[in-house]
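Shared between the two complexes below is chain A, which pairs with chain B and chain C, respectively.
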Partner chain A sequence: MIIVGEKINTSRTRIAAAVENQDSHFIGQIAIQQAQAGAHFIDVNAGTFLERESECLRWLVETVQNAVDLPLCLDSPSPQALTEAMKVHRGEPMINSISLETERLEALLPVVAGQPCHIVALCMAQTSMPSTVAERVEVGSQLIKHLTERGVPLERIYVDPLIQPVSVDTQMGGAALGAIQRIMAEFPGVNTICGLSNISFGLPVRRLINRNFLVLCMAHGLSAAILDPTDKQLMAALLSADMLLGNDEYCEKYIEAYQQGLITDR
Partner chain B sequence: MIIVGEKINTSRTRIAAAVENQDSHFIGQIAIQQAQAGAHFIDVNAGTFLERESECLRWLVETVQNAVDLPLCLDSPSPQALTEAMKVHRGEPMINSISLETERLEALLPVVAGQPCHIVALCMAQTSMPSTVAERVEVGSQLIKHLTERGVPLERIYVDPLIQPVSVDTQMGGAALGAIQRIMAEFPGVNTICGLSNISFGLPVRRLINRNFLVLCMAHGLSAAILDPTDKQLMAALLSADMLLGNDEYCEKYIEAYQQGLITDR
Partner chain C sequence: MAEFNALTESVIKGDIKSAVAETQKALETGQDIQSIIDDGLIRAMDDVGERFSKGQIFVPQMLRSAKTMQECMKLIQPHFKEGDVKAKGKVVIGTVKGDLHDIGKNLVSMMLEGAGFTIIDLGVDVNPEAFVEKVKETEADIMGMSALLSTTMPAMRHTIDALKEAGIRDQVKVMIGGAPVTDDFAREIKADAYAPDAGSAVIQTKKLLGLS
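And then the complex of A and B:
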C-alpha cells in the first residue's frame, strides 16, 4: 500500500494558522510525524487561502521538503496552483488531481505529460458526480486513455473512484468498491487511490467506518490511500489487512510494527 | 450476516466446569448474552469430554434451549454425537459439520438429508487439509453435490473453507478468501461460513487480526460466521462492513446499534 499523509491541509484550523504565520517548525513537525509513521508521500493543500492559494502552496512545498526527504502530493483543483507548486518541488511529485472537466484536463495534460510525476485521476466528468460503478469505470478509462496517449505510464496513474457518503445512498460503498475492482482488473499496473473520510459523512463513530472501509477497499485491490498515518488504529487495520491479503512475507512488517508498539487493539 | 455464537465450547475452562457441574444457570446466561448480542444460532461443543461427549452435548442442547428461543449449532466431528443431539433439539439445528471424510460423510448424509436442518460442509477431504483455492473449491463442490443430490437445498448448506494460519503460510488468507468468492459465485444461494480465530494463530494481537479478517471475508461474500457476538469491537466492525457493502438500508441497523451503545471505536 502506498500511503499519502493527509494532515497538512489548511481546512484544519491549526494548519491554516501555521501557514498564515509561516510557522515552518510546526508544519515541519507534522510532516516528520507522518514520514516516521510510514507515509510515502506528504499531501499539501492550501485550498482555503483562495486567491493566495498558489503562494501558500509553494511555501508549503518548500517548507515540507526542508523537513522531510519525501515527495509531496500537490493537492489542488487549480491547474495554476499545481503548475506553480511543481516548479518548486524537488523530485517526482504526485499531482492531485486531474479530472475529465475540460478546463482542468486541458490545462494540466501538457504539464503532467511533460515531466516525471504521479497523477491522481479523479473519476469526475464534465457535468456531474458519478453514481454507478459503470460511470466511474467509464470516466476512469477515459482519463487513463488521455494520460497514456501522452506517454504517462500506467504505474504512475492513480485512479480515484470518488467516494460518496453511504448516509446519502447505501449503494455508494459498493459503487466505489466495484469501481476499484474493475479498474484494477481492466488496467493491470494502474493504481487506485482514495480518501476515506467522505464515506462516513453524516454518521456517528466515523473513524470506525473509515477504517473498515479501508479494509474493504484493500480487499477490492486498492493500492494507495490518502489517510492519517499517525492514526494507530487505522494503520493497525491496514497492516493486518495487508498481511491477511498475502502482501507481507513471513508477516515481517506486522511483527516489526508490533515490536515498535504500533499494533494496537484499542 | 448470519451469526453463530461460539462461546459455549468446553475447550473453554469455565464452560467445561459448568458442564461438569451441570450448572444450567451459568450455561443459560452465556446463551442469553449471545442471543441478546445478535446471535442467530448458539453453537454447543462438548468435544473435550471424549467418551462422554454425546451425553454432555445432549445436556447442553436441552439446557441452552431452555434458556433461549434459538436454534443451535451442533458442533462435533462425531456423527454419533451429532445424531443423538439432533434427537433432543427443538426446531431446525445447524449441523457442524460434515466433510468428505468417508466415515463422516456416510454416517451423516442419511441423517441430515432426512430432516430439515442447516449443514456446515467443511472443505476437508479424505486424505489431507486443503491448501489452494482450487482444492477448497473442489472439495466444497463435491460436498454440495452430495448434499443437493439428497435433496438438501443450497440455502441450507454452509461451506466452510477451513481457515489456516497466515503465520504458517502467508498465502492462507488469500486461499480462504478466494475460495469464499468462487464458491459464492459458482453456487448462487449457497452460504459460506468460517470461524475466525485460526487465521491469527501464532501472531500477536489476535483479536485485531481476526476482526480485519472478518471484514475481508465479508468483502469476498461470506454470509455467516462463527464468532463471539459479545465482542463489541468485532460486532462494530461487522455492522460497519455490512453497511458499507450495501446491506443495511438507510444505515438503520448501524445507527440503531450506535444508539444502544454497541458501536465503539475502542
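And then the complex of A and C:
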C-alpha cells in the first residue's frame, strides 16, 4: 500500500495559521511525523487561500521538502496552482488531480506528460459526477486512455473512483468498491487511490466507518490511500489488512509497526 | 392542532406507510389542506431540521423524513385549489459555475421544501447569468449558492456581482454554503447569510424573510 499523508491541508485551522505565519518549523514537524509513521508521499493543500493558493502551495512544497526527503502529493483542483508547485518540487511529485472536466484536462495533460510524475485521475466526468460502477469505470478508462496516449505509464496513474457518502445513497460504498475491482482487473499495473472521509459524511462515529471502508477497499484491490498515517488505529487496520491479503512477507511490516509503537487497537 | 400528532410523528420517524395513511385520513375527514401541511408535515420537518442541526439525528434519517413528506404531498396536491396554499417564499438554488457537486445543495433544497418554501433548483455548474435570469423571472426571495471546491468559491462573488450589474441585488437575499465556505467568506463577499448545514439553511432562510 502506498500511503499519502493528508495532514498538511489548510482546511485544518492550525495548518492555515502556520501557512499564514510562515511557520516552517510547525509545518516541518507535521511532515516529519507523517514520514516517521510510514507516509510515502506528503500531501500539501493550500486551497483555502483562494487567490493566494499558488503562492502558498509553492511555499508549502519548499518548506516540506526542506524537512523530509520525500516526494509530495500536490493537491489542488487548480491547474495553475499545480503547474506552479511542480516547478519548485524536487523529485517526482504526485499530481492530485486531473479529471475529465475540460478545463482541468486540457490545462494539465501537457504538464503531466512533460515531466516524470505520478498522477491521480479523479473519476469526475465532464459535466456530471458518476454514480454507478459502470459510469466510474467509463470515466476512469477515458482518463487512463488520455494519459497513456501522452506516454504516461500505467504504473504512474492512480485512479480515484470518487467516493460519495453512503448516508445519501447506501449503494455508494458498493459503487466505489466495484469500480476499484474492475479498474484494477481491466488495467493491470494501474493504481487505485482514494481519500476515506467522504464515505462517512452525515453519519456518527466517522473514524470507525472510514477504517472499515479502507479495509474493504483494500480487499477490492486498492493500492494507495490518502489518510492520516499518525492515526494508530487506522494504521493498524491498514497493516493488518495488507498482511491478511498476503502482501506482507513474514508479517514483517505489521510486526515492525507494532515494535515501533505505530499501531494500536484502542 | 392536536389531531395531526400521529402524522407528525410518522414523518419524523420516516414511516411512509403510516404517514400516507394519516394524510389520507385527514383528507377524508375534510381537514383544512393548509392545516395538514403546516401543523402536520411542516411541523414535523421543523423538528427534524432542529434535531439534525443539534447532531441528534443524521443525514439518512433526515432524507427519510423528507421523502415521507414528499409522498404525503403527492396525496395532497390533487386537492389543491387556487389560493388554497400560501407559499412561504421562493428560493432559487444551485451549485456555482465550474462545480459539479450536488449532494449538499440537494439536502438544503429538500429541507427548504420540507419547511414549506418553493424551490427552483438550477442544478450544478450554474452560470452567474443563469442565476440572475431565474431570480428575475421568478421574483425569488432567496438565492442560494453552493460550492464544494475552494477554486469555485470566487464564482459566488461573481454571481453576486452579476446581481448588482442587473440592478436586482437589493431585491433578493443571498445565502451561501458548502464545505470550504465560511462565515468570514460570506461577510467578505457581502452575502446575506451563511448556512453550514441543511438544518441551518432553513433557520437562516426564515430569519432572512422575517418568519422567525
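In this section, the second predicted complex is superposed on the first by the 266 of 266 C-alpha atoms of A that agree within 3 Å, B and C clash if a C-alpha of one lies under 4 Å from a C-alpha of the other, contacts with A are read in each partner's own complex, and residues count from 1 in each chain.
One rule holds for everything that comes next: a residue touches a chain if its C-beta (ideal position, glycine included) is under 8 Å from a C-beta of that chain, and two chains touch if they have at least 3 such contacts.
From a predicted model like this one, the values you see are computed outputs, not experimental measurements.
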First (chain B), second (chain C), both or neither touched by A:Ser78: second
Touched partner set for A:Ser11, first chain B, second chain C, both or neither: second
Which superposed partner A:Phe26 touches (first chain B, second chain C, both, neither): neither
Which superposed partner A:Phe201 touches (first chain B, second chain C, both, neither): second
Chain B versus chain C as contact partner of A:Ser167, first or second or both or neither: both
Dominant contact partner of chain A by residue count, chain C or chain B: B
Which of chain B and chain C A:Leu177 touches, first, second, both or neither: first
On chain A, the residue positions that both chain B and chain C contact, one per complex: 167, 170, 203-204
Of all residues in chain A, those that touch chain C in their complex: 11, 47-51, 53, 76-78, 101, 103, 124-125, 127-129, 164-165, 167-168, 170, 201-204
Parts of chain C lying in touch with chain A, wherever the complex brings them together: 58-60, 63, 98, 100-103, 106-107, 124-125, 149-151, 153-154, 179-180
Chain A partner contacts - residues on chain B that touch it in the complex: 166-167, 170-171, 173-174, 177, 199, 203-205, 207-209, 212-213, 215-216, 218-220, 233, 236-237, 240-241, 243-246, 248-251, 254-255, 258, 263-266
